[in-house]
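The structure under discussion is supplied below as structure tokens; questions concerning it will follow.
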Amino acid sequence: MQPTGRYTLMELMVCAAAHLLEDGKTAVIGTGAPLAAAMLAQKTHAPDLIVMFEAGAMAPILEKLPISVAGSSTQTHALMHSGMDDIMEGCQRGIVDYTFLGGAQIDQYGNLNSTLIGSDYAKPKVRLPGSGGANDLASLCWKTVSIIPHTRRKFVPKVDFITSPGYLSGPGAREAAGLPAGSGPYRVISTLAVMGFDPGSKRMMLLSIHPGVTRQDIIDNTGFDMLFAENVTVTAEPSDEELRILREQVDPQGKIISRAMKE
Amino acid sequence: MQEISGELFMPPDVEAARAFFREKSRALTDKRMSVAQAVERFIHDGDYLAVGGFGSVRIPTAVLHEIVRRRYHNLGFCGHCSTHDFQILADGGVLDRCDISYIVGLELRGLSPHGRRLVERGALRTTEWSNAGLGWRYKAAAMGLPFLPARTMLGSDTERYSAAREITCPFTGQKLLAVPALFPDVAVIHVHQADIYGNAQIEGIHIVDRDLARAAKRLIITAERIIPTEEFRRHPELTAIPYWLVDAVCLVPGGSYPAEMPFEYTSDETHMADWVAAEATEESLQAFLDRFIYNTPDFDAYLALNGGANRLAELRAAEPLKRARG
Amino acid sequence: MQEISGELFMPPDVEAARAFFREKSRALTDKRMSVAQAVERFIHDGDYLAVGGFGSVRIPTAVLHEIVRRRYHNLGFCGHCSTHDFQILADGGVLDRCDISYIVGLELRGLSPHGRRLVERGALRTTEWSNAGLGWRYKAAAMGLPFLPARTMLGSDTERYSAAREITCPFTGQKLLAVPALFPDVAVIHVHQADIYGNAQIEGIHIVDRDLARAAKRLIITAERIIPTEEFRRHPELTAIPYWLVDAVCLVPGGSYPAEMPFEYTSDETHMADWVAAEATEESLQAFLDRFIYNTPDFDAYLALNGGANRLAELRAAEPLKRARG
Amino acid sequence: MQPTGRYTLMELMVCAAAHLLEDGKTAVIGTGAPLAAAMLAQKTHAPDLIVMFEAGAMAPILEKLPISVAGSSTQTHALMHSGMDDIMEGCQRGIVDYTFLGGAQIDQYGNLNSTLIGSDYAKPKVRLPGSGGANDLASLCWKTVSIIPHTRRKFVPKVDFITSPGYLSGPGAREAAGLPAGSGPYRVISTLAVMGFDPGSKRMMLLSIHPGVTRQDIIDNTGFDMLFAENVTVTAEPSDEELRILREQVDPQGKIISRAMKE
């Protein structure tokens, strides 16, 4: 499903993620594609985007892509070396605008599973790491963006385990559960498209489709009924300038952008 | 109210904790000892263990190896942001229960095959939490409280398989999650500098280690270097852990290897990849553990097997964080 | 359950606080302004005010004087460890309600006669707390929680005249006190160093100011000096307050005078004794305030009235804390 | 009531307080006489007594007597510059052995009043500072020692306001209120005597009487029925060595030891 030779699918997704980030806002970011997106945003339209890592680094100047959210590479030239409490409590207080999450499964309400595959908690078919900070960030940050490969195995009617809350069972469910009002899933960036959520039903709704991808591709690769926005656009392709920055400054070794997304 | 069914391994008995802390010695004594002595003296079969750092960052590797080398039984473990630390203990078969916010995973390094096997065959009793949830359990204990309220985990299966409880705010009437205090029997934290009494400095982010040091009933410090107490009195703003919380001080240069140590050395990705590969089968794993732990007397010998001082020098050269002068 | 009858001046509405913090600008802008500009822009009649420091240690005197000079009305105040700070505001008649853990007293300097008169004639609505209780109210707000449990105040009249609530622990069944989050409308903190964006360093003990800075909806920083942002990036371990929490940065050398500023200058006991003496009668107090605040344009002029640079130099020479070199 | 010319009453009280402090234990101390006692203890039998101040200073080497519990003089050569939270939470966790408190009134159960004199909270006859950290320390530290002038105005049947809890209404009352088990008033050092508390009734019990003071003096100056221990001793007089250290090293300016206690 590689759209053209000018850029990789990952480069398209990283740029789509970068475009979501506003200047002068805060984001708690993990490793991998989301961090490449944040770095690209800082080097283009959002120089004052404040990047935080859940383990305690605040507003670093990133020199290389970290492999751990607590590693030295998250702390270079930081404005503050703090702790996980300060970061997570800031999220809970409402000062963190964006976060990025991944997962093994996602459903139409944006609920994410990164704990297990199977039906028996005590003896899962596949044990995955668990929440880590994902549940906290999905619960507390204002806008959650998920990046996830678009297959029926991952876009499922019902996740095997709700590790991190999306809109749970639908409208009002987050608030009823005690989660902060007005927070929740914002966008899903997949290998096929960019999706948001219908304000009324809180169901996933396709907003833009990647170049070369058809509606039928979406339907064939989605395990639930995907809503389509009234005017679905084509996902903006990376500009040559964005690609140059990505390849020369953000990820010169191509650790992320030349990687195909694991399925 | 959501049904919550997870097992609570460590009930938050603050009165018992107060009684323990009342009796704990606060005497100013030289607490230096070998890792073997510290482990033998302060860790017992069945204990609930917590470690500082973040899985592949600033972990007390020497103590983790010694626990495996001594073939401990039925340890409980706090799987908070744990990657290589959990991997060592899980591979060594010393655990029988685990609070989980993050295990089995190795961040960008993938998953631990043996850790997966262990959980998938039900060999560990497990309870789910989030990173903040477990961190706040340490903080509740550090504060001497039986619980802290939280606004995470609510409505998820993470909550359902946790051992938290839903409560109602007496002021706002809103639903909150109460996470129970966690007082580990023993905690092990690797730091940059300590003095002989246990005063300790941590450079870079402290993650949850300030709270963990206060929550733990017994505390083993491993340190890159021992410095004079006078250095703490010259820079009291850098002290993370005061001596009266500490039971043992072990000098272990390179002690976080193969994990990284901010401002000191980066991680040994080759060795950590070898470790994951060795987990392919039980046989290959046992051979690997024989070589690097069981048939190896101590951490220095383990370092030597991996290139020793030369390898560590390479990793020091590759460390991104440099100390500011003055 | 003990009857608890105190007035809750600031209900712990965490959803309203989240909505406020969502809209608060986090833009990287030069926030330097005069004390007059900061007060005019960020403090309004009726606001609930909190100040950092500890009454006679590291207080934002210039802002407190400006509030009095502008004759604000009906301010609420958090009387947490407050001595000379409360004295300035109480003498200026700008307060109508006060949460109290410590007011009127001046530690070893005795009691403030005017502060006593004010409370004894019922001119202030007051609610009682303890130092830890009020500190934990800030911490609850900083954590984004509507309350924190506590084991203090229970069974006392301090509890009875507070606005806390008794709750039962869902794990242990024990009785606990819930102290409500306190989100001040505006907080003012005097620090050693800040940059033009609001990043701030506090030297010596921070008391409760890390939590206060996070709890406050609006935050005014007064600083002994402005330093380059690069200094924060060279020493991120020393940052107490990151810029995105801050609304105004005011350069006020000597800004804690006549209170002491650790590592900078000691207190002016003569002037503080004069202040207490001036409170003997309403008349003598008004004359004193006319001279030192109402008829004085700003803090520098106030300093000049008290000996200015020469006096400050004496107080600097008498400061016990010396910075460690390197 | 000055017992002899060799030492002042305050010196006797400071020494009596110092004798209570054990080596290698922790104490949260305020300013004034208690601090002089702690410094004396450190320079005599308890060199490793750990002194903390409620505002955040841990284990300083004290050079001069502070006038504020948050001042520079509490922080000189400290092992850690922390915050009030770390100190108070340590008390709540159970790691602080001793604290010293004063007050305007004390009753037979050791309840202390430092908030107001009078019967109407809204319009007190005399408004005092309030709890400060006193309620916290009295609630959370293991052993509370009070230092207070011995007069009927201060040793009262019922305090006008329980600022800081002693044994409240008697046996079991602290635990019933939710306060930590096993904590509470330990000693009261007055201008006439040293008192403890009867384990059964939790009522104040005289243990030692200052030199030159009679039982009748105690009865005449106490507003409630004072219990007397089976063998009441005479309060130990300061040794010449203690006096030398007090006068030369602890309080050379005589700020505390040559002061008569305010009544």
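Here the chain labels run A, B, C and D in written order, and each chain numbers its own residues starting at 1.
Methods note: contacts are C-beta pairs under 8 Å (C-beta built on N, C-alpha and C of every residue); 3 or more make two chains touch, one makes a residue touch a chain.
Everything numeric here is computed off the predicted structure, so don't read it as measured data.
When the partners of chain B are compared with those of chain D, the chains appearing in both lists are C. The chains that touch both chain A and chain C are B. Chain centres here are Cα means. That of chain B falls 38 Å from that of chain C. Each chain gets one centre point, the mean of its Cα atoms, and the points for chain C and chain D are 28 Å apart. Centre-to-centre spacing of chain A and chain D amounts to 58 Å, using the average Cα coordinate of each chain. Chain contacts: chain B has residues 14-15, 144-145, 150-151, 174, 176, 204, 237 touching two or more partner chains. Across the assembly, chain A contributes residues 75, 81-82, 91-92, 140, 180 that each touch 2 or more other chains.
Chain-to-chain contact here is organised irregularly, matching neither a line nor a ring nor a star, and falling short of all pairs touching.
By the document's touch criterion, interfaces exist between A-B, A-C, B-C, B-D, C-D. Only residues 14-15, 17-22, 24-28, 141-145, 199, 214, 229, 232-233, 236-237, 239, 242-245 of chain B touch chain D when the two sit together in their complex.
In the complex of the two chains, the chain B residues touching chain C come out as 8, 11-15, 144-151, 165, 167, 169-172, 174, 176, 178, 180, 203-204, 234-235, 237-238, 324, 326. If you check the complex, the residues on chain B that touch chain A are 2, 53-58, 79, 81, 83, 100-105, 107-109, 111, 115-116, 119-122, 128-133, 135-136, 139, 150-158, 161, 166, 174-177, 204-211, 260, 262-263, 266-267, 269, 319-321. Those residues of chain A whose C-beta lies close enough to touch chain C in the complex are 23-26, 48, 50, 58-59, 61, 75, 77-82, 89-95, 97, 140, 142, 180-182. Those residues of chain D that touch chain C in the complex are listed here as 31-32, 53-57, 63-64, 67-76, 81-85, 88, 91-92, 111, 115, 121-136, 139-140, 161-165, 168, 173-174, 176-180.
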